[in-house]
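Each of the next two complexes has chain A plus one more chain, namely chain B in the first and chain C in the second.
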Partner chain A sequence: MSKLLWQVFVVVIVLLGWFAGNHFNVFNRDVIPPMTDVAYQFIAAWARPEFLPAIWSTLSDALMGIFFAAVLAVPLGLLIGSLRAVEIATRTLLDFGRAFPVVALLPIFVLLIGANSAMKIVTIAIACFFPILLQTIYGVRRQEPVIVDTVRSFRIPHHLRFFRVLLPSALPYIATGIRIAATVSILVAVGTEVIMPVPGVGRQISVASINDEVALAFAYVIYAGFLGVILTTLWEIAEERMLPWARRTR
Partner chain B sequence: MTADSNRKRLWRASPGLSLIQAWWLPIICILAWWFLSAGSKSFYFPSLETILAVLWRDLTEGPLLSYMWISLANMAAGLVISIVLGVAFGLLIGEFGQLRDALMPMLNFLRSVPPAAIVPLVIVALGTDAAPKIFIIALTCFWPILLNTIDGVRGMTPQLRDTASAFKIPYSLYFRRVLLMAALPQIMAGIRIAVAVALVLMVIGEFFGASEGLGFYINENKQRFAMTETWAGTVLIGFLGYLLSAIFVKIEAFALSWYFQSENAND
Partner chain C sequence: MIRPKLQTVKTHENGDGVASKAPPMVVRDLSKSYGSIEVISGLNMHVDPGEIICIVGPSGVGKTTLLRSLSGLMPPTSGSVSVGGKVITQPLEEIGIVFQDYRGSLMPWMRTLENVAFPLQGRGIGKAEREQRAQECLDTVGLSDAGQKYPWELSGGMQQRVAIARALAYDAHILLMDEPFGSLDAQTRLGLEDLVLDLRSRLKISVIVVTHDIDEAVYLADRVVVLAGKPASVVDNVDVDLGMNRDQIKTKSDPRFVEYRNRVLSEIMRVRD
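So, the complex of A and B:
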């Protein structure tokens, strides 16, 4: 109970500091707007016609991106992970792909595809592809030697081995990959919207900042934070439902 | 299993062979790109040869090399600030349980804000020069380093803490030689994430508003519809990303060599 008290205390201190900072003009209003203004915009944003479509655009595009990434990365990861020579051959390419900042491709994508949702989804999918792929490969390679030997000595047919052994044992790792992808998807979605004129929360933050509506921009930033939390929480619930037998790997 | 480990040993025995095994596919991909795009007339997909030629021209004669240093310097400054602050606060918060319990919900909330979201706010408020970009990179990299440091301190074996307190080791020595060392593997994992994120935020910051830097080079050429230059900048960033992560793996292996040795000794 005292723990909760301390946590509330910290929140109160931060809010008081914010309030006092503006009240005594320590903060520049154009950089850090008063707390009350942000609180007002936080509620008032719902009345704006662009608010819900922006939230929905970011969320649905992030989900679509994760979906396409998973559909491509999981089978490919199972394949690469189960063939040692392929795994070694692709390692350098995967290191390159993982280290590549996908947002750097945005200018090319904008010229190729145009500034629209499809472009955003492609960018998110590429960014989410690598964490899911790497976790899948890792999951396949982490199989217990006993199980591998058992499968081999009983000469279990390939398709059974794939669906009954490989996939279930790699699933917890795939789930971790998708959890990482959920965070990445929101980061890339907002990043894309901030830089390029595509609809979404990031676009609203950009527009509000440029129009000097700093309090509104702050409110959108907080909503963007919620989006990440919502997506991660949703996935954790789904994970509990689908993989109750698998202990979380992290 | 023994056959497998024998094979593994054989592979390790010949460095030339393992180099070929690791690089044949990337080389084929690059060659395929080179030959498939050769003589390309497409506006969107210039040939790799022209991309590399433009890249070389702008690196040697154009502004690209100085842009690259500016971007890397911003990144390095942001990373250093975030490492110093993240590790210092991480050790403190991790060491004192009550402090950790009180702060965690607040930290988790602040961390959940996607860092790209604050880019417009910071750049519109603070301008397009280096300081706001360093600020954005430092702020973004702070979270993974802080949270990993906290985890590292928490994961320390209780015996270490007991021994330190039994011998009445002074606090400054305890923080530097015991806590820091015990948390170092986790701290390095945090920095590894931070390096990747720093590159992303560097690009976003320079796309949004800048007058110099790699992101500016790419974005400005995109505005002019100079496709080859845009590709050249993107290729350079990809190369830098790979190089940075490869260098970091080496640094990590060096900094943690004592740790990996003791891990192996335990086997």
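So, the complex of A and C:
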């Protein structure tokens, strides 16, 4: 409870600072619009016909991107993680992939796929693929030595070991990978929409700034942030439900 | 309680005339090195059917190393461990292990009953029979009602009993325990010591317990094996002649108990100096 209180407190302080900054003309109004204007646009945005479709477009494409990334990365991660030689052989490649700036490939994707939702989903999926893959591999590799001894001493056969020991013990790590992917997905979705003419919250941000509606652009930026927070929070709740044991034992 | 048997096993007679299902274990000239460092050298010992052996020795002497070799988890560098006349090269069905880190050895994603039944699944035993046997073994360790709980919902002592139940369900005739009660409070510890004595007399299994606690070693053991030296070997075998029925208060105040304890203690002190 007191944790929540502190979090609210910090938000209030930031908002007050913002308000004061504008009030005493510390901030340039063209760069940082008054908090009250942004607050107004934040609410008024709901009346705009393009608002909900934009939110939905960003959210649904982000979810699709995570979904495709997970469908590919989890099985591949389980495979790579359980074969030591493969894990070592692919290490450099994976480190490279993790650090690769996917957004730099956008012009190529546009040429290949066109400026549409499909292109956005592909970009998100690629960006989400690596955190999920790496977490899955890590989860499979990170077996507790006592569990390894237990499995050996009770002569557990390979298929049982995979499905009842390796997989469950990797699940919390896979879940972490997806949690990271949830944040990444919104970042990449909005980034793509800002740069490329594809629908979504990012698109509205760039349209608003072109029209000099800085406060509206700010309101959309805050909504984009909220999308990331909501997605992560929902996933954490789901995680707590599906893997009740994970948090208690770590 | 009648324990269901997986296979018919020859019974073995030990010196006291107790019919035990446990095969005898014999360790011959066992040596173990990690790299160039020899930890155990030329160690000989034997465990008769139905015996409780306690292995004591200072920290780092090689007790865990020895227990892992006895279990077949780790091959010795030279020498051999044989069970029922056969040299072991990998973990056996007859041997159950209770690890020192019982918290870590139970799978947190399985309920207690599943944890106990899981090793039986690997043997191709059907679900109904698995669960029935697991339940019986939970009954044996006094945890009849804990089957549907997760390990992390249980106290340390209960988790340790689950680990014991799992080894029993696996039909272990030889139970290896590595400092099994080290991190438990005194009361729980005494209760589990009596559980071990009780299991031995009911199920006629052999038990090998590694412990730091000399009182515990003498209280539990038919024989205390004292390990010492670098590299380690057996420096003393103390036969503890206190009978099968022991009592935490009566036995521990028995003058013979005190005598055994002092002998083991002086053995350890002598080597330490």
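Remarks
Rule of thumb we're sticking to: the second predicted complex is superposed on the first by the 212 of 250 C-alpha atoms of A that agree within 3 Å, B and C clash if a C-alpha of one lies under 4 Å from a C-alpha of the other, contacts with A are read in each partner's own complex, and residues count from 1 in each chain.
Keep this in mind: a residue touches a chain if its C-beta (ideal position, glycine included) is under 8 Å from a C-beta of that chain, and two chains touch if they have at least 3 such contacts.
The structure displayed is predicted, hence computed values, not measured ones.
Of the two partner chains placed by superposition, only chain C is touched by A:V165; chain B is not.
Look at A:P157: by the touch rule set out above, it reaches chain C but stays clear of chain B.
Applying the stated contact rule after C-alpha superposition, one finds that A:G225 touches chain B and leaves chain C untouched. Contacts of A:A104 after superposition: chain B is touched, whereas chain C is not reached. Which of chain B and chain C touches more residues of chain A: that partner is B. When the two complexes are overlaid on their common chain A, residue A:D149 makes contact with chain B and with chain C alike. Of the two partner chains, neither chain B nor chain C is touched by A:L16. In the superposition on chain A, chain A positions 145, 149 are in contact with chain B in one complex as well as with chain C in the other. By the touch criterion stated above, chain B contacts chain A in their complex at residues 1, 18, 21-26, 29, 44, 98, 101-106, 109, 112-121, 123-126, 196, 199-200, 202-204, 207-208, 215, 218-219, 221-222, 225, 227, 230-231, 233-234, 237-238, 241-242, 244-246.
On the side of chain A, the complex with chain C involves touching residues 144-147, 149-150, 152-157, 160, 164-165, 168-169, 171, 243-246, 248-249. Those residues of chain A lying in contact with chain B across their complex are 3, 6-7, 9-11, 14, 28, 30-31, 85, 88-93, 95-96, 98-108, 110-112, 145, 149, 186-188, 190-191, 194-195, 201-202, 205-206, 208-210, 214, 217-218, 220-222, 224-229.
Interface residues of chain C facing chain A in the complex, by the touch rule stated above, are 68, 71-73, 90-91, 93, 95-97, 99, 101, 104-105, 107-110, 118-119, 121-123, 150, 152, 166, 170.
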